[in-house]
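Consider the two complexes below, in which subunit A is the common component and subunit B and subunit C are the respective partners.
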Partner chain A sequence: MSLPKHLQETFSPEEIQFIVENEPIKIFPRITTRQRINHRDHNNNNKGHNDTSRRNWKLITTKDFPLNNMVAMQTTTVTLWIALLLKQQSKCSIIAPDWLTIRSLDQSIQYEKKHEDRFSKLPWNWLVLAQLLFGKAPDDFHDPVHELRNRIQDLREIRQLKVLKGLKYLNESHLQLDNLSVLEINELRPFIIDIMDKLRELHSAAHGESNANEADDEEDFNFS
Partner chain B sequence: MYGDLANKLILEAKRTQQLNHKQKHAQLPMYHEDLIRNIIKEVTQLKKNTDFLKDQQEQLQNQEGNDNGLDENVLKCQYFVTLLCMERNKRCLLAYQKLRCDMLDSLAWSNSNSSIMELESNDLSHQEQEYLKEYGELITDLKSGEWADIDLSGSLTPPSDVFIDVRVLKDAGEIQTEYGVFNLIKDSQFFVRQSDVERLIQQGYLQKI
Partner chain C sequence: MDIDIEDILAELDRDTTAVDESLPSHDEIPSESNTTSHTLLNNSLETGLNNDKNGKRITTTVATDNNLRIVSPELSFKQLMTCWRNERCAPELLPFPHELMKRMMSRIQEQMEYIENISMGFLENDHTHYSDHSPQDRNKLATDDDPVATRMNSNHDSKLPLLCMEAEIERVKFVIRSFIRCRLSKIDKFSLYLRQLKEDDTNIISLDEILSREELEYHERHFLISLKLLNDSVLKYMPTELQAINDTEGSVNMIEEPDWNKFVFIHVVGPPDGNLEKDSSLTTNEFNKYCYSVTIPELKEDVELTINSIYVMRYEVIRDLLKAGKVELI
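This part shows the complex of A and B:
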C-alpha cells in the first residue's frame, strides 16, 4: 500500500520526535536580529545599505515575531526545531526546562517510588525532549549531564516496571494511563491495542445476544 | 476435498507475507499459475454439479404426487454445500490476489518505475503486469495534479537535519539533479542539503544520513 506496513497503525520514533520538535522552548540567542531604529538616517546611502542587509525570517508554520526580535543574551521563546538549528551553528544556547534539573528529577523519582499505583507528573514529551537536548545541547545544562542522564534512566526504568505491572489489568473495555508520555505510549500501542481488540472480540462474541438486543431497543426508541 | 487446493494457495500467500515481513523491499515469488488454473477448473466442475442438481430438482417437481419431500431436502443440501465450496474457493483466490496487489502497490509507491521493471516482470502474471503499469500511471497522475508541490512518493521519515554527510557507494559519474550537478566518484563524501539527495539515497547511490 501507499503507507508501509510498519507505519499503518502507529507512529515511528522519528515521527514522535518530529511532533515534539514543534513545541516552544526558551533560548538565549547569541545573535541580535532586532532592527535598530535609526533616529537619524539622514543619508540615503546608509538607508539603502540597511535594506539590503536586512533579512527577515518569514515562516508559515510558526510565529516569526520572536525570531525577528532576538537580542543577544535575552531569553525568548521559539519553536524547538528552530532552536536546535540555531544551536547547531552555536547561535544560541537552549535553556533546559524546569523539570530537567537534578532537583526536580529527584523529586519525581521520589514520587514514583512512593506511589506505586500512579505515574508522576512529567510533561508528555519528557523522554524525547531529554534525549534531544542531551544529544544536541549537552553544554547548556547547569547540572552535569551524566547525572541527569542517570536520573532520566532511573525514571524510565521505574516507570517501565509500573507499566509491566499495569499490563496485568488489560481488559476489554478501557484502561487509564495518566501521565504516561507519548514515547512510552507509542512503544506499547501495537501490543496493548492488539490484545484489547482480541479481548473485546471474545467478550462481544460471548455476550453478542445482549448487545444485539440493546441495539434493537435503541432502534425501537428512535423509531417511536 | 474441494477446498484443499485453495488451502495450498493460501499457505503460499502466508509464506510470501512472512518472507516480506523481514525484508524491507517487497519480493514477490512466482505467480502460481498452475495451482490457480486447477482451482478454477474445480470451480467449473462445481458449477456443472449445480446445473445437474437444478435439472434434477425440476424433474422432481414435474413428477408431482408421491412423497418426494425427502429427496427434495437432499437436493437442497447438496446444492447448498456445492455453493459453499465455490464460495470458499473464491475467497482463497481473492485473498491470494489481494496480498499480491498490496505488495505491488507498495512497490509502485516505494521506488516507482526504475527498479520494478527489471526485478519483477517475469514473476508476475500478465494481468498483474498490466495492473502495475496502470497503478503507476495513477500515481503519476496524482503527483502531477493538484499536489505537484509535494513529492508524494518521497521519503516518509520526517526531516530532522537540514544538512547531512553522504558517502558515494556506486560510481555514477556526473549526475544532474534538480538542484545542481554532483560528480559521483566512488568513496567520495559530500556535505549536502538532505532534500537534494533524498532521491539518490533511495536509488542506492548514496549512503548514510
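This part shows the complex of A and C:
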C-alpha cells in the first residue's frame, strides 16, 4: 500500500525524533545576525551591496524573528532542528534544559523510587531529547556527560520496570498512563493496543451472548 | 500567538535604508564595473522581494479574514503536525483539512520561489566576490577580533539561512507527503466503505469534506481498476448472485468498516482556545482538576479524562472530543 506496513499503526523512532525536533530550545548563538540600524547617511555606493549581502532568514514553520536577531552569546530560543543545524556548523552552543542536570535527574530518580505507582514528571520528550543532545552536543553540558548518561539509563530502567508491572492491568476498558514519554508510548503501542483489542473482542463476544445476566459477566471478568 | 507585524515592518524599513559602513570600500574597486550592474539588478530584485514579503503578509491576512483571525505560519504548521499525528493513529479516515492544506501548499510554493531567487543572487553577485576577497576576509577575521568584521564576513558569505530554508522546506514536504500517503492507504483499505458512504444519501458528512479533490479522483479510479481486475479474472466465472463485491448479506460482510472501537493513545489537551471555564463539557472532579466525563457504552462505565493526562481509550468514545480538538492522538 502507499504507506509501508510497519508505519501503519505506529510511528518509526525517526519520526518520533522528527516530532521532537520541532520543539523550541534555548541556545547561545556564536554569530550575530542582528542588523545594525545606524549608518543611514552613508554613501549610496555601499547601499546596494549591503542589500545583496544580507541574507535574511525567512521561515515558514517557525518564527524567523529570533534568527534574524541573534547576537553572539545572548540566549535566544529557536526550534531544536535549527539549533542542531547551527551546532553542526559550530555556530551556536545548546543550553541543556533544566531537567537535564545531575541534580534534577537525581530528584526524578528519587521520585520514581518513592512512588511505586506512578511515573515522575519528566517532559514528554525526555528520552529523545537526551539522546539527541548527548549525540550532537556533548560538549555543551555543565555536568559530565557520562554521569548524565548513567542517570538517564537508570531512569529508563526504573520506568521500564513500572511499565512491565502496569502491563498486568491491561483490560478491555481503558488505561491511564500519565507522564509516559512519547518514545516509551511508541515502543509499547503495538503490544498494548493489540492485546487490549483482543481482550475487547473477547469481552464483547461474551457480552453479546450473555446480555441477560450482566452481573455474572462482570464477575467472570474479575476472575480472569 | 500573535505576531507583532508592526515590529517586523519597521525592521524591514530599516533594512532597506541601513548602510553598513564597516564594509571596506576598496574591496569593491577591483570588481566595480561588473558589480554595479549586478547590484542594481539585485537591488531591484531585493526590493521586489521585500514588496512580495509585505504583499504576502497582507494576502495571508486577507485570505483568512473571513474567519476574522490571522493564521500565522507557525500555527498552521502546528495544526498540520497535529493533523498528521491524528491521521496516523486514528482507525478511520479523518476529514481533509482543506483550508490548512491550501495555505501550506501556497506557502511552500512561495518559499521555493524565494529560495530560488536568493540562490540566483548568490550566483550573480557573491560568487565573483568570493574568488577575489575571501582570503582577505579570512585574514581579517584571523588578525583582529573586531565583531563587526566577523559579522560582515559571516553575513557576507553565509549560506546558513539558505541551508536552513531548504532543510525546512524538506521537513514540511516530508510531513505533507507522509500525511497524504497515510490517507491514501486508508482510502485503499476503506474503498468499499467510502463508496457506500457516497451512495447513502442519509449520511451526515459528504465525501467532499472527507476527501480532497485528488483523493476523490484516486478513490474513483483505483476502485474501477481493481474492480476490473477482479471482474475479469475471477468474478465473471461466478454465478450472478455471487458476483457483487460489496455483498453485505452473505456469511461475511465484504465491506470493511473502520474498527470504531480500536484502542488509541490519547493526550487530553483541553479546549483549543485554552479557556477552561467556557467549555461546558468540562467538569471538575474530587481532586479539583478539570476533566471530561465520557461513557463507554458497552461496559456502562464512566471515565473521567483529566486534562494533560494520557489514556488508552476506545476510539468511538473519544471521537467527538477529537473532532473538537480537545484531545490529540499520540
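Just so it is clear, the second predicted complex is superposed on the first by the 205 of 224 C-alpha atoms of A that agree within 3 Å, B and C clash if a C-alpha of one lies under 4 Å from a C-alpha of the other, contacts with A are read in each partner's own complex, and residues count from 1 in each chain.
In the analysis below, a contact is a pair of C-beta atoms (placed from the backbone, for glycine too) under 8 Å apart; a residue touches a chain by one contact, two chains touch by 3 or more.
Please read all numbers here as calculations on a predicted model, not as lab measurements.
Of the two partner chains placed around the shared chain by superposition, neither subunit B nor subunit C is touched by A:117. Of the two partners subunit B and subunit C, more residues of subunit A are touched by C. Touch criterion met: A:18 reaches subunit B and subunit C at once. When both complexes are overlaid on chain A, the residue A:85 reaches subunit B and subunit C alike. In the overlay built on the shared chain, the residue A:98 is in contact with neither subunit B nor subunit C. Once chain A of one complex is fitted onto chain A of the other, the partner contacts of A:2 extend to both subunit B and subunit C. Shared-chain residue A:139: touches no atom of subunit B or subunit C. Within subunit A, the residues touching subunit B in one complex and subunit C in the other are 1-3, 7, 15, 18, 85. Those residues of subunit A whose C-beta lies close enough to touch subunit C in the complex are 1-3, 7-8, 10-11, 15, 18-19, 22, 31-33, 35-40, 42-63, 65, 67-68, 72, 81-82, 85-86, 89, 91, 172-180, 182, 185, 189, 192-193, 196-197, 200, 203-204, 207. By the touch criterion stated above, subunit B contacts subunit A in their complex at residues 102, 105-106, 109-110, 156-158, 160, 162.
Interface residues of subunit C facing subunit A in the complex, by the touch rule stated above, are 3, 7-8, 11, 14-21, 23, 25, 28, 35-36, 38-40, 42-43, 46-47, 53, 73-74, 77, 81, 85, 88, 107-108, 110-111, 114, 118, 121, 125-126, 147, 150-152, 154-156, 158-165, 167-169, 171-172, 174, 178, 181-182, 184-185, 188-189, 259, 261-265, 296, 298-299, 301, 303, 308-314, 330.
The part of subunit A that touches subunit B in the complex is made up of residues 1-5, 7, 12, 14-15, 17-18, 21, 85.
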